[in-house]
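My structure is below; once you've seen it, I'll send some questions.
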Amino acid sequence: AERGPVVLAAASLQESLTEAADAWAARGHPKPVLSFAASSALARQVIAGAPADLFLSADEEWMDAVAKAGLLRAGTRTTLLGNRLVLIAPAASKLRLTPARGFPIGRALGAGRLALADPAAVPAGKYAKAALTHLGVWQAVASKVAPAENVRAAMALVERGAAPLGIVYATDAKASRAVRIVGTFPAASHPPIRYPVAVLKASRHRDAAGFRAFLLSKPGRAIFARHGFSAP
Amino acid sequence: MLSAEEWGIVALSLKVGGIAVLATLPLAFALAWLLARRSFPGRVLLDGLVHLPLVLPPVVTGWLLLIAFGPFGPAGRWLESWFGVSLMFRWTGAALAAAIMALPLMVRAMRLSIEGIDRRLEGAARTLGAGRWHCFWTISLPLALPGVLAALVLGFARSIGEFGATITFVSNIPGETRTLPLAIYSALQVPGAEAMVTRLALLSVALSLGALVLSEWLVRRTHGGRRLRGD
Amino acid sequence: MLSAEEWGIVALSLKVGGIAVLATLPLAFALAWLLARRSFPGRVLLDGLVHLPLVLPPVVTGWLLLIAFGPFGPAGRWLESWFGVSLMFRWTGAALAAAIMALPLMVRAMRLSIEGIDRRLEGAARTLGAGRWHCFWTISLPLALPGVLAALVLGFARSIGEFGATITFVSNIPGETRTLPLAIYSALQVPGAEAMVTRLALLSVALSLGALVLSEWLVRRTHGGRRLRGD
Amino acid sequence: MAIDIDVEKRLGDRLIAARFSAGPGLTALFGPSGVGKTSILNMVAGLLRPDRGHIRIGARALFGDGIDLPPEARRIGYVFQDGRLFPHRRVRANLVYGHDLTDPAKRWMSLDEAVDFLGIGDLLGRWPASLSGGEAQRVAIGRALLRGPDCLLMDEPLSSLDAARRGDIMAVIERIRDELKLPILYVSHDRAEVDRLATSVIALDT
Amino acid sequence: MAIDIDVEKRLGDRLIAARFSAGPGLTALFGPSGVGKTSILNMVAGLLRPDRGHIRIGARALFGDGIDLPPEARRIGYVFQDGRLFPHRRVRANLVYGHDLTDPAKRWMSLDEAVDFLGIGDLLGRWPASLSGGEAQRVAIGRALLRGPDCLLMDEPLSSLDAARRGDIMAVIERIRDELKLPILYVSHDRAEVDRLATSVIALDT
């Protein structure tokens, strides 16, 4: 069978994008080749000249880096998805807490730690830090943060009871049975969470633009919505 | 028992790991030999260089490989223009990453064995008419065999487990670079896929146990008879 | 030259790596001894178990550690209730992760050396009045020294480079678990922080080169004199 | 003290069997190469386990009837056919290895004495790997004697020594035999040596 | 063919110096333990590099005047004082190691012949580690002879053999000396051996 376009996508898109690719293939197109990894790793590969067709980043910053290197096909960059940030606790936890200005998260943590994706590096962590800062509680938790490698690892810390609370994407929390969503952060408390998509300049595959269009189409977006992503 | 996809992943892992280790073996042996037998200026530096992939986080090694062997990198450009070969997104790139990560382990194991060779035996072989090379093949190498086998086992196990450098260098392409650890990583990204993770992890374990059993059998075959007698 | 923060990271890496390796050494030696000297049912299985951290992607090892040593895990609960100790988010947890990752390398190196011991020398020591233990300390262990030193170097280098299991198990907490590779990882996630990455990577390299030079010096000190003579 | 040996041991496809009682003094084991002399000494030393039989020195049972003393408890001094110096210890440390492990009251030779009659004073600081064949052999003799054993096993201890040195050492062995009355099992192919030293000779045959 | 040796070599704090010409036949090197006999053989074999001097066999220069032939080019057969059988090859493979490397026209003994007079027919399938001292010694002799060398170096080759075996092997050495007219350098401490075999005797002294 003919190879489909090579799509480099943030690891958190794994389930939804795989489903979307299957749907696209079901329409008679060659199945896209999907490579999931951290956005940073994928962006670096593009910058190093990797012959890929599409790039789906978990944040704007790495897409910017690729754009700055002049490797995006002009006019193809758009925002594909949005997401929400939620506060989670182990499934058995009885904790009640609503993320709002000055909410008592520090007290709720007690001696425990707050699991986040690394706020210095990973997008989900940066959003979480922004939200907590906006709500005026960052100072209270800054010293109690457990920065994990990525959102999934942060969630694993909560799943395993190593941390009583964590902040992850709504999509992740929704998929796990071992955690409970304690509350959702107000959308205004952090910069909008956006997953940009773009066709790469190196792309030679005739389907690249078509697959991108499919993802942005109504049936495409419906798949992502089913996995908990919001429209941008 | 295994799905076609899982078979594919196992086959790819075996190919990548096997070729990485076998292709590295001669270089690793040469390095081990150099480090064990010769003293030259820069010896410690070479030793340090060999250990580098062990010391650096694998992601950094992958990144360095990407810089060097990516299509824009010097080595990558050279490979492309002279041989028309690109390692990007290819299993050959995964094998290169695995080989580099396995190198320090392989060199150390063989070096230990080479240092343990009784050099008087080499002298004896020379007086019997063996030139340097013949002596090497018939005496030194067989005497270093325990180290070579240990190197194969360690290197293969390390290759089978290699993740960080691979995903950073050649990404996570199904059928090309998605070896077992990358498949496990992918499964780990899906909440609730613990069963899948466990399954794949057990596959890794089975592969390396197989390699172990094979190596033990080889050791016994080649060494069984020449145990020292019980006095 | 280095910022206070960088010094802190280096010091932490040294502490974690050093303690991991030294604390693992006796266990690793015991395992190497068992595998080299005894045959018992389940020997190959034990061998496989020892190799496990090499074969599994580090993240999986970290994940298994989390399951076992997390507050919900059996080992974690036991440690907590009996000793009031938790490894979660502590440098001790990072040391445990590093130790487990270093174990297979250390065991193999020492096993090679133990297998190379001329057992007739142990017999000679016994006839001279040495009991099993005295013989072990004065003959077997010193004769296995090259392997022990190789194990220390390999284990230390591996510990200094350990990333995946550590960050998964005890996350990336400044001053507690943010060792060099974790700091490098954080820097790698930020576009344009390549200079920082390079700086930290060079620090890792310097650390392990230091360990190498030290070990070479030790080898020379203990072995220099007993080279075979040149015939 | 007498040595009483009755052992059997299968080695590969060879069966080593020996049965003899040697009175006090030096018993020479004599026999063609490969007949099993070294094997017998190894069994007495506790390094090779007989398939059946017993080994007694004087009143002490070393092996047999459920007894199997470990080598270190047999209080023997063994000069190996192949030297077996510890390569990681200098000559001096090799010499005193057993000496230091022995109750001072049981020692019957001092380091200085041994060094003196073996003529190895210059070698004390050397590594075994740098010794000549005869030098290594002398160090091995010294090491076994300094252990102050109750019984000596010597496997061709003089084979690569020159006549003068050989004479000196034989004189010491005679003294040990006569003054200390140690039982000695002695393997040699040299008629002259055996004639001079042996109280009794056991001829082994296949 | 004559052997012409004039060498000096510092080993640690010892200076080994030797200067002699040995005519054809068997030249016995005689001297106390540690005087440097093995070192001289090693220099002739090319395993130890003299600090200065020359070594010639007949018209061939092995060492000196810018020449330093590698051991494999010296065409010598060396029976080492310490056996040095290859532990990873069975007895048979040890025996034929040099044989196989030698031009058939230059060989002067067949495997069967060697096995026969050395009495090692039973041992061909064995690993060296399981051999007795004398058995290993005989295999080492066979290995050196089968290489078909132009010159023999023998370092106490008979030290752990019984009288009968020793006689057999001496007969063969005599034949090699007389029929093949090979120059032989022979180290021994045994007067009888030297008296029987030696064409000339070099006494070494410190």
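Here the chain labels run A, B, C, D and E in written order, and each chain numbers its own residues starting at 1.
The rule is simple: a residue touches a chain if its C-beta (ideal position, glycine included) is under 8 Å from a C-beta of that chain, and two chains touch if they have at least 3 such contacts.
From a predicted model like this one, the values you see are computed outputs, not experimental measurements.
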Study note, to complete from the structure: Between chain A and chain B, the fewest touch steps amount to 1
Practice item. Kindly list the shared contact partners of chain B and chain D, in label order. Key: C, E
Check your understanding: Can you name the chain that lies farthest from chain B, using the mean of each chain's Cα atoms as its centre?
Key -> D
Exercise for review: Find the two chains joined by the most C-beta pairs in contact, please.
Suggested key: B-C
Practice item. Report the inter-chain centroid distance for chain A and chain C in whole angstrom, where each centroid is the mean of the CA atoms. Key: 35
Exercise for review: Report the inter-chain centroid distance for chain C and chain D in whole angstrom, where each centroid is the mean of the CA atoms.
Suggested key: 44
Review point. In whole angstrom, what separates the CA-based centres of chain A and chain E?
Key: 78
Point to revise | Multi-chain contact residues (two or more partners), chain B | key: 59, 63, 120, 123, 185, 188, 228-229, 231
**Study point:** Residue numbers of chain D (touch at least two other chains)
**Key:** 11, 38, 47, 82, 130
Exercise for review: Provide the list of chain A residues touching at least two other chains, using ranges where the numbers run on.
Suggested key: none
**Study point:** Parts of chain E lying in touch with chain B, wherever the complex brings them together
**Key:** 45-47, 70-72, 74-78, 80, 82, 84, 86-88, 90, 97-98, 101-102, 127-130, 143-144, 147
**Study point:** Residue numbers on chain A that touch chain C, as the complex places them
**Key:** 38, 40, 43, 61-62, 64-65, 113, 115, 118, 120-122, 145-149, 153, 156-157, 160-162
Review point. Okay, in this complex, where on chain C does chain A touch?
Key: 59, 63, 66-67, 70-73, 88-89, 164, 167-168, 171-173, 185-192
Review point. If you look only at chain D, which of its residues touch chain E in the complex?
Key: 11-12, 31-34, 38, 81-82, 126, 130, 132-135, 137-138, 155-156, 159-166, 189-191
**Study point:** For the chain B and chain C complex, residues of the former touching the latter
**Key:** 44, 47-48, 51-52, 54-60, 63, 104-105, 108-109, 111-113, 115-116, 118-120, 123, 146-147, 150, 153-154, 157-158, 160-161, 163-164, 180-181, 184-185, 188, 197, 201, 204-205, 207-209, 212-213, 216, 228, 231
